[in-house]
Each structure stands twice: as C-alpha cells, then as structure tokens.
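The data blocks that follow each hold one structure.
In what comes next, subunit A is part of two complexes: it sits with subunit B in the first one and with subunit C in the second one.
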Partner chain A sequence: MIEDADIRLSRRRFLGLMGATAAFAAGCSRPDRGAIVPFNKRPEGVTPGLADFYASTFQEGLTAYGVLVRIREGRPLHLQGNDEHPGFRGKTSPRAIADVLRLYDPDRLRRPIVDGRPSDWARAEARILPALKAARKPVLLLSGALLSPTRRALVEDLRKALPGGLVHAAWEPACGESEAQASRACFGDERRSRLRLDRAEVVVSLETDLLAGERTEEIAGFASKRAPAGPEGPMNRLYAFEGAMSLTGANSDHRTPWKPSRAAALAFALARALHRKGVPLPSGVDAAALAPFDLDALAREQGASASLLHGLVDDLKRAGRAALVAAGPALPPQAHAACHLLNAMLGAEGRTVDAAFAPPGEALAGLQDLRGLLRSAAAGKFAAAVFWQANFGYASADPELWKSAAAGLPLKVRIGLHADETAQACEAALPEHHWLEAWGDFEPASDLLCLQQPAVGPLYDTRQGEEILLGFARALSKDAHALPADYREYLQRRWRREVYPAGSLVPFESFWQASLHDGVLRRRAAPRPPRRLDGRAVNAAAAAALAVPPPPGFELLLSPGAGVYDGRYANNGWLQELPDPVTKLTWGNAAALSPSDAQRLRLQDGDVVRLEAGGRSAEIPVVVQPGQAPGVLSAALGYGRRSGSVASGVGVDLYPLLGAASVSLTPTGAREALPFAQRHHSLEGRDAARSLSLSEYAESRRKGRPERPLARLYPPQRFPARKWAMAVDLSACVGCGACVVACQSENNVPVVGPERVLKGREMHWMRIDRYYAGPPERPRVLLQPMLCQHCDDAPCESVCPVNATNHDSEGLNQMAYNRCVGTRYCSNNCPYKVRRFNFFEYAAQTREPAGLAFNPEVTVRPRGVMEKCTFCVQRIQEAKAAARAAGRPLREGDVEPACAAACPAGAIVFGDLRDPSSRVSKLALSDRGYRVLEELGIRPSVTYLADLTNPAGPEERRGA
Partner chain B sequence: MPATVSRRGFLKALVLAWAGAAAGLDSLKESLRSVLIPAGTTLHVRPPAHSVGRKAR
Partner chain C sequence: MRILLGAIAAGLLLTVLAVGWATQTDRLAQGYAPAQPIPFSHRLHAGSLSIPCLHCHSAADRSRHAGIPAVEVCMECHRVTKTESPAIVQLKALFDSGRPLEWKRVHSLPDHVYFDHRPHVNAGVDCRSCHGPVEDMTVISQAMSLRMNRCLACHRAPRPSLPAESDLQRAPENCHACHR
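So, the complex of A and B:
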C-alpha cells in the first residue's frame, strides 16, 4: 500500500519523469491500422451501404469477358458476368472473378522506377522521350494480344510518330499458335470461330479443354445439352481423346487416353472412315492423301477400342451439321487442319463452328517470331523496346536470349502492374492502371463491341498503359494537337468517328452513356458466308501428319495453369489456392504421369524428377494421374516466378521447356510435399456422388424413387415463412471452380498458404470434390461441389456446447462467431467436412491494401472460430430489404448466392422450398434428385441431381 | 527550490500524463494522417470520373 507521504523531488526531475512517461506512453499506444476513415465528402450518386454496378470488360488472351463490377463506397469488391453480354449472359471465368484481388495487390508498382530508383513521371519522361526522339532505328513494341480496335489505332498513331518506325508484335504464351497457322493455311485468314456447343449433339475433343474454367460460353452451351427433362433426352455426347486428363475428359461420355502426337492421325482417320461411309470430301481434298490413316491400326497402336472409334464415325455421320470436332492449342497445325476437314465434311462449318461474325483475326507472334525479334534486339537492330502486358522476361522461354536481347537494347521500358522479371531488366518501369481503373474497348465479334470503364479512381500514381503510349505519340508527333492527352478522349473520338451511327437521332453523348451503362454495343453486321476449305492445305497437312516421327522419351504437354494462367495471376493468393480442377493441387505445379509409367519408374506423388529437352532442364515433383496416357507427361505453366511476394518461388518454371515436343525424365531421388486440397480419390463404393447413364436413368425412373423411412431424433422443425434450399445438378456441373472463387470473393474467405493446405487447413467454404472410379488407366471421374448442406437436423448444432451454431426460422444453419469458443466439436460431427476452423487470424495478416477487397457485408472472422457457408445470408437480407422497400414480397430469383450467380453451367439453383412453384422445389422432387448421406437422417437442404452420361452402344459405362 | 510532491499526487500525475499522451498522440496522428500519408495511398479510394454505373439491383 502506498502511503500518502510527501516525497522530495526536484522540479527538473519531475518534468523529466513526466517527459519520459509521455514518450513511453506514445511508444505503447496501439498502432493505427488506418481501418476507419470517414467518408465525409460523399461523392454524388454514392449511397453508403448500397452497392453500385459498373459494366466493364476483362481481357485475357484472345477473350474479352463482359463483367459487372460490384462497388461499395467506391471500392470494387466483386465481379460477375455482364447479363447484357450476348455470349456470356451474366457469367464469367474464375480468373476474371479473382482479378479484383490484383487491383489491391500490395506488390503493385505505385510510382515510376527509373534506373532502379523510385522516381516520378516527369523524370521517367525525361529519360525516355529524348531517346525515342533521337531514334533512327525502329522501336520494338512487344505487347499481349490487343483485341481492341482503339488500341490498334493507337499503335498505328505511335508508328507514325516514331522517327525510326515501330515494330510491333503481340505475344500470348498461353494461346498457342497452331490454331492460327492452320486457319491461315486452310481458310486464308486467322479469324477465330466460336464453338457453338449449344448447337452440338456430338462433340469430339482432341487434346482440347473445351470445359476449362475460362471457356464460359462453351461451358454454358455444353451444360444446356446435359440436363434433359427425362431419360429420353435430348442430350449431347462428348468424346475426348487426350494425353492429359482435363475437365473435358472428366466430363466426357467416352474418354480415351491418346498420345498428342497421334491426334492428327486420328482426325484424318476419322475423315477417311467417314468418306468411306459416303460422306463426300470437300473439293480439292485428295482421298489418296487420307489413305494411309487407318482407324483400326490406330486403335491397336493406342490401345483404344476399335468399335468405339467406328461407333464414333457412325455418330458423327448421324449428327452431321450438329457435330463438332475441336483440337487443342498444344496440337500441331495439321491436327487443326484435320478438324477443319471433319467439320467441313459434316457441314458443321457455319453451324457449330461459327465464324459468321468472327472479327478480323489478330496475328499473334509465335515462339519462333519472338525468338527472331529477340535475336534482332540482341544484334542492336532496335533503338529501344517497350514491353507492355505480357511478362517477356519470365515467359520468353529462352533466358539466355532474353539476357542478350536486353544487353543489345539501348533503352528498355516496361509498362506493367508490377516490378516483375521484365521490369527488372528495364531502365524504366512505368506503372499502369489495373483494368478496373482503365478505359478501353474490345471487339469480340464483328457485331459486338465491349467497353471497359474505370470502376474506381486510380489507387496510385499510375497511368493507363494506352495513355503512356499516347503520351509518347503526342510528344513525338509533329501534329501533337491532333492527339488528345487522355485515352478516354481518344477512345471517345474514335467511337464518335467510327462506331456512332451516322445520321443517328440520338446525340453522341447519350449513345456513349448508354453504351457505357450496358458495357456492350450490338451492331448490325452482315454475316460472312461459310469459309471455304482449301483442299491443298488439307492434303499438305495430311502428308505432314504422316511424316511426324514418334517423339523419343515422354511427350510433353504444357498448358496454362488453371489458376495462374500464363503466370500473370501468380501473385493472386485466391488463384494460387484454387485447386487444380483435376489433380486438386494448390500452390504449385507438378508433372502428371500415367500410373503405368509411375510404376515402371517407381515414382509416386511428390518424387522430384529432372526433365530435359534441347539442353534445358527443370526439376519438378510428379503426380500420378489416373487416366493419363502412358508416355505422356503434362504440367502447368505459370509457376516458378522470380518476383512477387506471393508468386516468388511457388512451383517450377517450365517456360524453358516450351516448344519441346518431348522430354527425357530422370528421377533425382528427392521428394517434395505437395499441397493437395483432396487426398482421397475413391468413393469406396458409396454413392455420395451419383452418376447414371441415360438407360440406367430410364430404369431407375421405371422402378421409382425408393422411399427410405428415416428415423429422426428431434421433432420436425417449422419454417413459417420460407425454407431456403439449394439444388446442384451434377450433370450440368463441369467442375470449373467459378463457384469456389466467387464464394471466396463474396465471403472474405482467407488464403492460408501451402504450409497450411498441407495440414488440411484450407478455408474454402465451397469445394469441388473429384472422385475416380474404375481402373486407374481409364477411370471415370465424378465431380461434386460440396458446401454446408444446412441440414434441418444438423449434427453440428447438437454438439456445440455454447450454441454458437443453430438453426434459423428459414432453414439456415447459422454461426454466431462471437459465441464460438473453438471446440471444433461441430466440425468433428459434420459428415460433409465443410466446416472450416480459423487457426490463425488470417484476415489480420492481410497486407494493405488487400483488405480493401473485403466485403463489408460479411464478418471478417477472428482466430479460433469455426466458419462455413451461410447460403450468402447477406444477399438474402439485402434482397429482403429491397423487397420491403419496394413494398412487395420476396420473389423467385431475388436471392442468388455468389456460387449460383457465378456458375456458368447454371448447375446451382437456390430458392424457397416452401414455394411449390420455385425451381428449387421442382428440382428437389426430380427423379434424379438425392441428398448426400441422406441415410444419416440429418435432412440436408441441398439436393443433388445425379450426373448423367450418354454413352454410345457397347462401350456403355456403368453408373456408380 | 525543490518542489514538494505527494506520492499520491505524483502517481495521479503519472497516470494522467500517460493517458493524456496516449490519447493526445493518437488523435494528433489521426489529424495529421491526411498530411503525413503520401498521395496515392489506398485511403484515397474514390469513384471514377466519367464512368456510368448502374443502381443496386
């Protein structure tokens, strides 16, 4: 106890102590996280708490996705497809959804860097412009695909302004070049046709992933033919011939492991067999050129069923115009030419292969073209180089050539989002806007234009890439005033000149505003007549296909990573943690081997091997992939980046092997732990994921749905107003992962990193389970989205000691995070394993400004609590409020959880089970419907509709 | 001349000075934020000029 006695203290000492106390207190004060900032000057049109939507366009490679950007208080939070876009109809790709995180990437360049030092725009211009003005040699501009008429016009303006001229090449490492080469040879142009899977009854896929996540339009078209009302169909039939297991193979009715080097031979053999069955060859195609391709011999060689191949020929003939044959970018041009021949023979050209409104093709540089340009750069033939978009320093496939090119260029300028591998080699790195901050237009079809508009003001001292080039053109042009300083103005001027209909009664300003509002503009354009196939090109392709020697060693198939694509998204944690749809591997790549090859080489998952081709090598762990063709090795590109705090060092860079047809494989004896999101691959004879062939479906319908009387431990619950429920059609679902990313974005689901995925601590509220059945050489694949089933008699609720998880009056199984003490009993008692425990305060580890991507409507969960799917309760509440404000009851379609809104296949349906007219009520009663682990008597609210397959004849697959 | 301070008074002053300094510095930092934080940081999230949005649906 302190006595109140006087103490003697000098004034100086007292003040000294006070000063020290104040300094100590200041040091101890809670560090300011800058989380709350008053929005004290409300911009016009912004209502705090209400979301706005901006229509814009996201470009990836040669595809422009129409998107709607959801904005709250000025922050873009969530992306979904633009419902006005005629092709995508409100859906978009998982990578497009996830790209909102790249806007808030803490690693983004925030100001220009000149000669390795942070700088500003004035100094950057002072460094670059005199060199460009003095250039007597051409300047090299290497970019990604332009895809935009205004960008093309800008490049032309820049070309005119540069005194030494401009050499421009567009390169997309993930797009391949064989398709364009074949199109040029067979049709004389590079127009890319739309694959109309919505019109196709028989689809043949040769090493092409038609159902990969980014193929939104194809997935929607395919799914529209996969969920018939009854066993009588109609339903399409998909044949896949592929070396690596893809989502297309996983969803096919017949999948045959097939070496990619023999895909062209297969297509020509199919053409020959069709011809022999009376289908005429297009004029100019020589029957003798096809004579060496024999279907039976190929079947023997590849260990495939000859009867299946002959059945396919009959199927193709029967389908005629409704058939579609497509080859993948990894295949050589002759395989594409053979597909053009088949489509032309069947009459599919102009029907399922639709080039009627294809815009003028964009000539992309191939790997050889790029190497040629880099060699010229090394030889000092360019005055300077500007690298825009694609990351050439990382993906140029030839590190030594890149270095010598960099040494041969007097000035190198990088325009990009990050200080990436390319920027590190450049004298000036100019930060550009993220596309959500930028203007632009795209021409995906001759009758359609898409506009890109900023959804947020620039976060940093950046400029739009186009604006930087426009600045160069203005500074160098003799007639500088002819060019506006602002790219929006440039875009608007071009639209006024070339897009705005002459003589329109609507003023241009209204036309522009309406186009921005919709994000798309449909134009009148005359359809082009069907393309005429050049028979000579096909004859030459057949001869080339015959001359291909079997490659030594393993055939190599490199494809863009499902999440990271060509590496540009490698710094996006959402996409790194999105499991590969087939291998379920997160955070890295692995070389997939067939089970027989793995057994022969005594390799198992995680064993590291050295791959060598053409004097280059890479060391990579292997994954034993059921269904992989023997002798084929496949892996994803886009990993092994050398810059970026998230991307750096994750996975293995395989770009040095790009272009190699085959590799040699040597085990190194090392092992690496692979962070798989799923470790068990068999259903062990249970029927959690069901699949029926059409005939089995007919049989099950005849027998009727078995009644299973279920005992229940609790009195039935009452849902007086409504009962929320979901239906998932496994036949429509292709497993693309759009729902997983949309859920992550909507619900602030944290990224945990590879170490914690290895411990099984990933946090996804929604996952897609992938099961194999049958022999590992030719497995059947079953895909099943899995999320909280919101059981009526939920086993998690009855074991929670603190009642943190309980049921609401509308059937939602809800979590009170504040009440949860983290016993994890609920997770232990959940038969679906969909509850996720927050082991660390992941949200607190978010580096600013990534926290701006958090949805303010969803609680950011602290450490030590259990979390799980809420059926997007925030969207339910928002819809209720909107309905109340409008004075009407809640209607069907008012509430759409993020997963359902994102699903390109329309496989997820959400609604009120108490409303007998709702879609979900009808689907719950479907004769394909079942509930997973229904026998436990827990009454889940999610109905799954059994997967359907449409196998042909004797090869019929058995349902699980 | 040395000042005479009671022990209770001293402790009171100590606690008050601590609390005051903590609160004062925090609010001082808050009010200086707009000056101290360089332009272009994320606090300046703002709607874009010239874009056209749609109302919440």
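So, the complex of A and C:
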C-alpha cells in the first residue's frame, strides 16, 4: 500500500527544504493567501459552510435503502439512513455508508473506451449503434437485479426498439437461488417476504445470517425485543443452527453447530414433532412424508442436545404465530420449503413472515441459467451483448466459458463504473454514473416507492446506465421522439403516467418535488391475499431432503463478504479494512474450519490449503473458527479480484467453487500471515464484556450491585454546564459494524492496508471487540463496541509530556493534534487500546479525487500524531452553534455522534449526564450498567449495559 | 576553546531563533493588503454609505463562514448605480458571463483552527474586534493579529468586545472549542 521510500525525508532533503523555506520567508514579503471564490449567482438555499441533506436511494441486490446524503459545498460526504423509509428507522447498511468512497474512487472510468483506446461518446455510439441496428439476432442484456419499475419499462422499450429482439437476464451472484426456487414451488411466485423480527418471540435461524450488517430492518426488529426494562422481559429467544459461525449465531441464545446438508432434515423433524404435539399440518401435506425425520436421531447424529430440540418444539408451539423460522441462501430449496411448512403450521406465515406488500417478484437468473446464456453466446446465438452492473467476467467464474462466449459475440458493451474484468473483454466500455450522480426509482414493496436523485453533478464524462440504454432505444426506435433523451425525463413521464394519483388536486410538479424531498413515497396498495402453501411441493421437498446423500469431504458454505459483498466493493479501502464481524480478518478471506478438524489435519491460522471440487480448485489460507461445525468449511466470496488498484490480488477468488456442495481439502504446506484486527480471543476471566441470562439478571438485581469504593488520585473533575457521556447496550448490539464505517467516514480515519494491520497499526477509532468464552467447539460469543471512554481521570492525560491531551469542562477527553509530539506515552497508558498513532502520512497517499470524501469539519491528521475518538466533537460544536443561532438552549437529541446515528439496533445513546431526564443518565443508572475496567478508578464516561440472553433453561445454557 | 564553543552555541541559537522568527506563519500577516481584482472600497460602502456588514456577508450569523457576497449581490445596486465607472463595467461583464469573481484572501487561519463566525456574531461581538476599523479601509487589509493569544485573551475576558446588555462572562477555553 504505502511505500516507505516515498515518504522518507532524507536529512539532505530536509536541510535543503529548511534553507529554502527560510530564504523564502525572509526574501519575499507577504506570502499569497490564495483566493476566495464566491458564486456569481448564489443558488437558493446554498450557504457555504452549512451542510445540506438530500434524500436518495441505495440499491444492493434485491434491497433498496432510503438514505440521506450530507453535502458540503457540493460534495457528498456522509450517508445515513432516511427516517422516512419505513422499517429501517433512519438507519442503513454499513456498505451503503461506505459507498460514498466509491463515488470518489480514483480508478473509476472517466471516459468511454472503445477497442482498448480512450475515446468519446460520439465514437462509442458510432461503434455500437450500427451493429445494433443491423442485428438480425437478439441482443443479450445481462444486468443485476432491476428492482425498479422504470428500469423494467426501459428494458421493454429497448426490446421493442431492437430489430432482432432482446434477451434479458438479471443475475445477482450474492443473492442465492434456492429461496426463489422454493417460493416458486410452494407458493407459485417469487415474491420475497419481509421477516418481521419485531413481531417474533421465538426465532429459529437455519444457516441464515439474519443479523448481518446489511439487514438493517431485521437488526432493528431484533434489537427492539432484546433490551427489556427488567428481568421479567419480555425478550425474544433466538435459536441458531449453523455450520459456519455468523453474527446470528453469535447473538443467539442457543447456537448449535449443524451441518448445512442436514438443515432441511432438522426443519422437517421439527414439523413432525410439532404435528405430533397436535399442531395440524396444512392441507395437502402428507404426514407420512415427514415420518422419516426423527428429532432424536438427528440430535444424536449432529451431537446436539435432544432436550434442547424438544424444548424448541415446545417453544415454537407456545409462540405460535409469533414464531419465525428462516433458512439461509446457501441451503437447498427443500430447507426453505421446510421453513415455509413450519411457518404455515405455526400461523407465522402472514404475521412474522409478511408477504402482504411484497413487490412483484423479480426472476433472477441462476448460475446455471447464466452459464446457459454464455454457452448460447459462444454458439453465436446473439448479435451483441450488453453487460450492466454485475461483474460477469469475474463472478461467472468459468474463464474458458467466458472466453468462448466473448469470442462468439461480435460486439460486447460494458456499462460500468470501472474497467473491470468484464470491461476488459468488451469492445466498448461505457462509463456509468455512480448512484449518487444518478436518477432512479425502486419498488421495495408494493406500497412503497423510493426515489434516487443526484446528490452531485457527474464528476467525469459519464452517463447513467439507464440513459445509455435509453440512448440505444432512442437511436434504434422508429419513433425517436416518443422517448425522451434523458432518464430523468423518462422517469418523470412514467411517474406522471402511472404513479401520480389520477384526479389529484396537487399539481404533478408539487407531487414530484414532495416525493423527491422525502425520498420515499408511501402508496395505498391493497394487501395481497395470504399465500397458500402447496402441500405437494412440501411433500416433494421432504422426499428430496431424504434423498440427499451425505456429501463426501468437507461441506462448503460460500457467502458474500461482509464488506466486499459479491466483489463489487472490493476497491473500497474502508470495506476491505472493515474486519469480518466474526473472524476479525481484514483485507482478504480465509476458509474457516472447526477446531477439531484443524487439530486432526494439524492446521493453524494461515496455513494454506487447496480446495477442489468438480475439477476446479482454489488455494486459500485457513482460519480456525471456534463454533464451526466439524466437516464444514466456510469462506467469503468477492475477493481475489483481478482489476482495481485496491481490489486486485486481495484474498482468494472462490467463485470457481460456487455451486459446489462439498470440496476436498489438501494442505499445501505453505503459510500466509493473516491480517487480523484482533489476535486474542479470550477475556481471561475478566469481565470487560459482561453477559447475563435473564435469571442471572434477576438474581443480580435481588442482590443489588456491590459498591466498590474506588480510590481517587486526583481531585474530582467539575463539569459546570454539562457532562457528555455515552451508553452502549450490549444486549441490543449485534456487532454489525455500521458504527465502524460511519466513524471512518465522519472522522477521516485513514485506511492503513494489510501490512500495517499485521503490525497492529489499524486506525479505527471505533472497533468491535469479539470474545469467545467456553469450549472452542461450542463457544459463547461476546461482542463489544470499543471506543475512547473519555475517562474523568484519564490515564492518558496524566502522562502526556506536552499536555496535548487533557480534559475539557464538558467531560471530553480532548486531543490537540497540533500540540502532540508523538511520544505515544498516552497510548501505552490507555487500558482500552483506543488511541491510534499515525505512523505514516496516510493523507498524503490519498489519490485524487478520494480526498473529496474528507469531512471538512475534522482535521486530516498528519504523521506522528496520536488520534482517537472525540465523541464527534464537530457535531457537538455544530449543534451548539446552531442552537445559539436559533436562540435556544441545547436540547437532548441535538447531538448524535456518527456511530450512534448509524447504529441500526439503537444500541448507542449519547447525551448529557448532568441532565437527570436524559436517556443516557437513566441508562447510566441501569441495573445492567457497568463501566469497563472501572476498578482502575479512572471513571470512564461510557456505560455498558450487560448483554442479556434468554436461554430456555439453566441446564441447556452451558450444554448447548 | 571555550569562547569558540560559546560562539558556536550562540550562533546556532541565533540561527534557530532567526529561522523560527522568519518562518512564523503570520509574521507578515498584519497589514497584508493585496490588490483586489475589483478596487472595492469598504470605506465607501461600510463607512460613508453605512451598509451593515451582514448585508453582504450574510451568512456570518448562520454559518461558520461569513461568506463573500456573490456578484449578484453587488449588482443589486450596481445595475443602476455608477454603471459608467470602469470597475462597474468590469463587474457587469463578469456578472453577465456567469463566471465567479476571484477575490484575494486577506484573513486566513491555519487548517487546524475551526473558527466559527456564528457564535461570535450571535453573541453580539463587534466585527471590528477582529477585523479592525474596516469602515476606514479603502483597500481591505488585515488590521490585527489573528494568533491564538488574542483569541484566548478575549475568550477569558470577553466583556469589552460584547454589547453592554450581554450576560456572557466567559467564552470556552477548551482545546476542542477550536481544534478537533
């Protein structure tokens, strides 16, 4: 990443520069101070120095996230959730927050490339349009999920305009296929249901990461049931059965390592046990089809506790329609069918599994469909191909097929942000707008439309993808004037025609402006009738689940990377450096395997193994993962990209193994150092991260809190006006990492690269510590966000020789960078390891235009300076100045640090401890509240609320 | 020998002090009055005509930046006023072209200082407390030092700069008030 030589200043050069500076200063008078360039005509509502917020929409796969874009002087700087978006409560996915950096990615295509040479739009059109006009065969359009009614209309218009017709397929490599397949078989359509964790009392997760960072709505719903006022609850109960350790398993009350190949059998066995306890089967489902699935036999086979499984059956029966069973995308369709059966039996279908306002299903192509299309392309069935969004050249993962398809296509056009693997095979690469520069609409639910509007003008000579397709359609259409030239007009016309309520008294222009302002439009839509489960499909799925032979070798679970997703964000340094929430690995992927397998094969973290399946192979380092089911390997997709200055060569490309249920594993003997952000996993008996079951909580409440008098070395601090403090509820926190990314974006936290992470020099001001407790086969996982604790008697302050860090009158531990000389004493004396030393001139390494993403309200720190969390003091100062300008006192809720604003679980609360009515003061007095390492007597300002678990019974708690 | 060493030490000390003095960032700041692209006179506008500061620097009570007026603001009057003057002809041409006017920056603070006009203006601090007698300046210049000692002196005893009715006794002296 960073070449030491670039930034090393030789003594000779230093003296030279010094001499020159002195001569300059003495010689010429009055150094120029630059220019101030005001507007010629100031646009209404724009004031330099004040941030504006615009509502827009971020789409990823089949999810649309309403976001607010913070803009300063025309630059989008920071993203947060749009609180108008229902279900998301003003929060959004960490990847959405980080995507502002992709706007400023220096690797973006800046002009069209035609036949390998930089070109312009006129030449690109001259190259493409005649070929499309002359096409007698269909044109192939491969895109990602559309999710947008206007995009769908556009594809239809393009189809009409093309003389040889159009074959369109939407492919999302990370979305999985089995869910849609099962939905098609069981309900007759592909509608995706919302999982209402806010309504669920008992949740069963089969190999599904319900609490992964991007599942904002599920996290919010889950957290709302996780932080009860007292030990009486109410609190939900989460059972996880999974082969790989996920955040869902880490947050569950009962986690059982379970092979993915047996997940369907488990769900059917639960259904059978429920049926035997008197829960009727839906009509058409044959009890005999379930007969072979026996809970006790399965428990024995998977080494699970039978009493736990029977307890789960009772729990499900008791919860009834407040239960929820969900299967993950890596599981086969029969597992999903079994979950549909369970939800239907319990009455949860239509309640916690809510498809009433599901949008029209979008048929995504599967991997086999995609490969079929590429084979047709290789056979010369298409006149041309347009590749939009998904990176087919990388993720279709069959280099020979891709090459032969490319050879069989006379013209290939890439519409994308980067000159990526797909673009390299294409005659024309057309640069596309980033979504922050583009227009669009999305339909995540039948009663909801989300609008996307540009937050910034195009940075380069790019066009938005839809507009390029619209241009094709216009040029080819006989009636060119029927289609507008720009996509905004196209979008607006469709809205006027189809969305704008007929007979409305509001003029369309006002309706449109109001919708743009809100970013979302809630529409009246009739709820769809409840889905009816097709019993025959369930019977067939049960038969199929029975017929699955135990796979040879290791079962393989591939999932999208927590940061890089399907590989599309691999060029984003923030997301590469965001640690995996469970393994804490940054910059790359590794194959997780169970401690017992590791012992058997004599493998350790970093040992490289060769995975083989169906004639394809990959060499990847392993990570020994506590809690991993024996015989199961899991790893992240989206790494091993072959283009992009940040992405290429980071991690291993596992797409070649996509679709393989099992792999063989051979150690290669090679070793690789893995850049983990956390290297020690045990609390060593200390109670920095506390967790209580509800009964332990009741017990501790009865006993009361032991008051330990703490010695004070210093006179007590006085905070005359207010005292800023934070409370973090570990029970609500799921460890998704949204706070980490939001902090990085807000506070100009540098990316250091894998070499420095290996040296423990990552710079995150906010991190999430993950600890394991108990046996490595069945560990309990504790997650704890860790940031500067702003101690009243801060140990860092007393050792600073230059008083660069000291306390302010409102309880903040402040850091004056300009005073810091970099002794690092403070970091040595900090018991939380939250102070970060800037070893390199990271900011100077920023390639333009990435510098535009810097927040102008926060210093970009130079080398040799200590830095750490400031409680977002820039937001405090902004709120104070705004309150003063409005002539009112500062109120609760005026100040929200970036982490608290981003937390989908609402686990982080910030406020004034001197105000007894503030939320943070109440939480600070909570009977779950404690301060980390408070025995040191340093009086931290952050109160943690102990994690709560709701296990089924005391005996299971340790056992399962 | 001892004299020689002493001389060398004194020489080194002098060099360091001289270099330090010569390179201090705002040594020449006071009195800095660069030629501006349009010979705008604060003496005429703020002095003789008594146009309030906030009329042109209209964001001073709302934003961290006081704001330099858009050319459009000048044209509010100069569409009809002094239209024959060469500077106004130049201004009008610029306005019609749509291009911005590049003024020379006079007041500048280091990058690690986050000064905010809002709290100062809203507390009633007179603009002249930091910018000097602008209404007497034909060519705008930096009248006062903008070093931290002056900030702190006023923050510790703000009364002289505040209107009589203000009840403010102190202003913040925390590092975080200006540095972050």
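Keep this in mind: the second predicted complex is superposed on the first by the 910 of 960 C-alpha atoms of A that agree within 3 Å, B and C clash if a C-alpha of one lies under 4 Å from a C-alpha of the other, contacts with A are read in each partner's own complex, and residues count from 1 in each chain.
Everything that follows uses one rule, which is that a contact is a pair of C-beta atoms (placed from the backbone, for glycine too) under 8 Å apart; a residue touches a chain by one contact, two chains touch by 3 or more.
Keep in mind that what you see is a predicted model, and the values were worked out from it rather than measured.
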{"item": "Which superposed partner A:50 touches (first subunit B, second subunit C, both, neither)", "value": "both"}
{"item": "First, second, both or neither for A:75, with subunit B first and subunit C second", "value": "first"}
{"item": "Contacts of A:459 with subunit B and subunit C, given as first, second, both or neither", "value": "first"}
{"item": "More subunit A residues in contact [subunit B versus subunit C]", "value": "B"}
{"item": "First, second, both or neither for A:527, with subunit B first and subunit C second", "value": "neither"}
{"item": "First (subunit B), second (subunit C), both or neither touched by A:188", "value": "neither"}
{"item": "Which of subunit B and subunit C A:816 touches, first, second, both or neither", "value": "second"}
{"item": "Touched partner set for A:852, first subunit B, second subunit C, both or neither", "value": "first"}
{"item": "Overlap of subunit C and subunit B interfaces on subunit A (superposed complexes)", "value": "18, 21-22, 25-26, 29-30, 32, 34, 37, 50, 882"}
{"item": "Of all residues in subunit C, those that touch subunit A in their complex", "value": "18-19, 22-23, 27-28, 32, 34, 59, 61-65, 67-73, 94-95, 97-106, 108, 110-112, 114, 116, 118-119, 122-123, 172, 174-177, 179-180"}
{"item": "Contact footprint of subunit A on subunit B as seen in their complex", "value": "2-8, 10-11, 13-14, 17-22, 25-26, 29-30, 33, 39-57"}
{"item": "Residues on subunit A engaged by subunit C in the complex (per definition of touch)", "value": "18, 21-22, 25-26, 29-42, 47-50, 806, 808-810, 812, 814-819, 857-859, 870, 873-874, 876-877, 880-882, 884-885, 887"}
{"item": "In the complex with subunit B, residue positions of subunit A that touch it", "value": "2-11, 14, 17-18, 21-26, 28-30, 32, 34, 37, 43, 45-46, 50-55, 68, 71, 73-75, 104, 110-111, 437, 453-461, 488, 513, 516-517, 848-849, 852, 882"}
